[in-house]
Amino acid sequence: MRKAFVPLLALAGLIFMTAPILIMRARYESTMGLVQKIFYFHMPPAMLMLLSAIFCGLISMLYLIKKRPVYDWIAFAAAELTVLYGAMAMVTGPLWARKAWGVWWVWDARLTMSLLLWMVFVSYLLLRRYGGPGSETLAAGLALFGMATSPFVYLSVNIWRTLHPLTSVVPTLPVDFAFALWYAFLGFLLLYIALMTMRVRIEEQRALVDQLYLESEE
Amino acid sequence: MSLDFLELSIRELSRNFGRRRALSRVSLDCRAGETVGLLGPNGAGKSTLLAIVSTLATPSSGDVRYGGKTAGEIGAALRGRIGVLSHDLHLYSELTAKENLIFFGRLYGVANPEAVAATALERARLGDRGGDLVSGFSRGMRQRLALERALLHAPRLLLLDEPFTGLDDASTRALVERLRELRTAGCITLVATHDLDVAEVVLDRAVILQDGKLVASEPDVRGLRTRYQARLRTGAAS
Amino acid sequence: MTAFWRAVWIIARKDLAIEARSRELINTTVFFALSCVVVFSVSFVGEGGDGRAMGEAAAGILWIAIAFSGTLALGRTFERERYGDTLRALLLAPGARPAVYVGKLLGVVMLLLATEVIIVPLVAFLFQARLFDHALLLVSLLVFGTVGFACVGTLFAAMLGRARSRDVLLPILLYPVTIPVMIAGVRGTAALLAAEPQLEMARVWTMLLLSFDVVFVTLSLWTFESVMTE
């Protein structure tokens, strides 16, 4: 996995460089014009944020059961990436929404769930930073609970909102939109994997240094 | 008692917190009827060792076997055979002495907790203070009460963390006497202390910890103080 | 199985005994909840100044007061176990360790329900809200919601045990995870308070809270031993 970092980064970089061409070539969406193009930079991070959160929750559960340090490193990296990608989505999202719906934000099920999930993982990072020793296990519990609460958030906002239906809806995309979108998604995905690899490697090296310290005292 | 064991076996126990080594490959064997001392300066790892043996913490490597089996193999019932006197005393200051004992007696499934609590109060020489809140007790009184709390369920393994702190002469003698009784009764006792004079009187043997490592094993406790100081000096120099 | 519940009851009874003596937690929690309600109400006073204009604010204020006072109560409950390191003493008992979790949870839930007995009528009084027309539904909403909030809170408060910054970390960790409880509680209460009480909606919210409780109590029981071992 270590050796994959540079090729992954290079590949991701390549995709990001060529993506604008595809995005330019994709048809202009009828009502929104150029601003709609932000969607290509919004949807992949948003989707990856959700996937990353689920991934972190599952790895945390594994860590609680098996207690192997590598699971903790991966969970930490996944949490950081969740916050990062979430931030990307939440900056690009309102920019798109303002044009599409006329408002910066709506309290619909998906957005609320994403926001809450993002907040759970921000609190995960705060816990790891300020919680003192032993916070790995606590954070794993938090990630698990955060993952478990997301369906409930989605469900409760959904039930609430069926009383006040929203006119906003994710448009179904015609083919040439879709290709550019999945291309951008691939780019973000590769970037995610590259960053994750690097981050886990940092933790692994840190553990190695600790181990060396311990052994030097023998 | 369906669950019992006669040996305690600590093998290559290590525990580290990141870069900090709390315990480093400590090995120790104890049998029923032995009172073993854990000596060493503050930060040597005595409390960490006791925490792991009492099942409150897990080691980074190595294991602890109670009669040949690990805590995981035996299950939660193991805790019913272990008594702990920690330096935080494990007493509720908002309850009376008697209530504390009855509560823990019930929790440990002791038969007839009120009677057992009354006897324990007598042994702690607090018979007339049973109805007083623990918040009003001196350190020495709490220590005596905490010891009886640890012994309510007649444990096989007794772990004492600095039990002689804050005790006056009479209480110290009473504690020494109590430990001798327990030894005759077949209890395995691990005492972490840095009170060397009392240690000589009450221990069968001792091990010395420094920076998480077991630096010396003393099968004979006479003249312990001089050898202890010498060991620590050489330990520090190496 | 009965050994488990016996241990739970022994622990809960001990907390009750301590509380009965000084009544410190109940008094301070109730009064804190009262001041929350009053302060928030004043912040949301409608034009008429007679309380009726606030409508749905009543439901929100009630549940926020429960959440805030609940957070304090959780912190204080575990502060008591920190004094003589008695939480570790409980973990050393021979019963299954999750019994400690359930025992503490029972104590916290009872404390919060006792607080609600006082502030719910207060909210009804301040907002001329007809909260007692559908008492059974309201009570179910409150009970299931309180259990939901407390079950996650008890686990987090226990696991934060001796962590640094634990006082502020508890609400930071707790609030996002218990948002469904807040939403369901507020919407359910609001449904009961509406000019045309929507009983069906209130039932739906109550069911949602119940399923939240089941899921999270189970999760907490599974993870308790794991997060409490050092």
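Should a chain be cited, it is by its letter among A, B and C, assigned in written order, with residues numbered from 1 in that chain.
Everything below uses one rule, namely that a contact is a pair of C-beta atoms (placed from the backbone, for glycine too) under 8 Å apart; a residue touches a chain by one contact, two chains touch by 3 or more.
Keep in mind that this is a model prediction, so the values were computed, not measured.
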Inset, instruction - Specify the contact topology among the chains shown, as one of line, ring, star, complete or other. - result: complete
Legend entry - Chains linked by the largest number of contacting C-beta pairs: A-C
Inset, instruction - Name the most central chain, where centre means the mean of Cα atoms. - result: C
Inset, instruction - Could you pull out the chain whose C-alpha mean position is farthest off from that of chain A? - result: B
Inset, instruction - Can you check how far apart chain A and chain C are, centre to centre, with Cα atoms defining each centre and the answer in Å? - result: 31
Inset, instruction - Averaged over CA atoms, how far is the centre of chain A from the centre of chain B? Could you give it in whole Å? - result: 49
Legend entry - Mean-CA-position distance for chain C and chain B (Å): 38
Inset, instruction - Could you check chain B for residues that touch two or more other chains and list them? - result: 58
Legend entry - Residues of chain C engaged with two or more neighbouring chains: 230
Inset, instruction - Quick one: which residues in chain A touch 2 or more of the other chains? - result: none
Legend entry - Sites on chain B touched by chain C in the complex: 51, 54-58, 76-80, 82, 84, 86, 88-95, 99, 103-104, 106-109
Inset, instruction - Report the residues of chain B in contact with chain A in the complex, numbered from low to high. - result: 16-19, 21, 24, 58, 211
Legend entry - Interfacial residue positions of chain A with respect to chain C in the complex: 64-65, 116, 119-120, 123, 126-127, 130-132, 134-135, 137-138, 140-142, 144-146, 148-149, 152-153, 155-157, 159-160, 163
Legend entry - Residue numbers on chain C that touch chain A, as the complex places them: 152, 155-156, 159-160, 162-166, 169, 172-173, 176-180, 183-184, 187, 201, 204-205, 208, 211-212, 215-216, 219, 223, 226-227, 230
Inset, instruction - Quick one: which bits of chain A touch chain B in the complex? Just the residue numbers, please. - result: 67, 133, 209-210, 213-214, 217-218
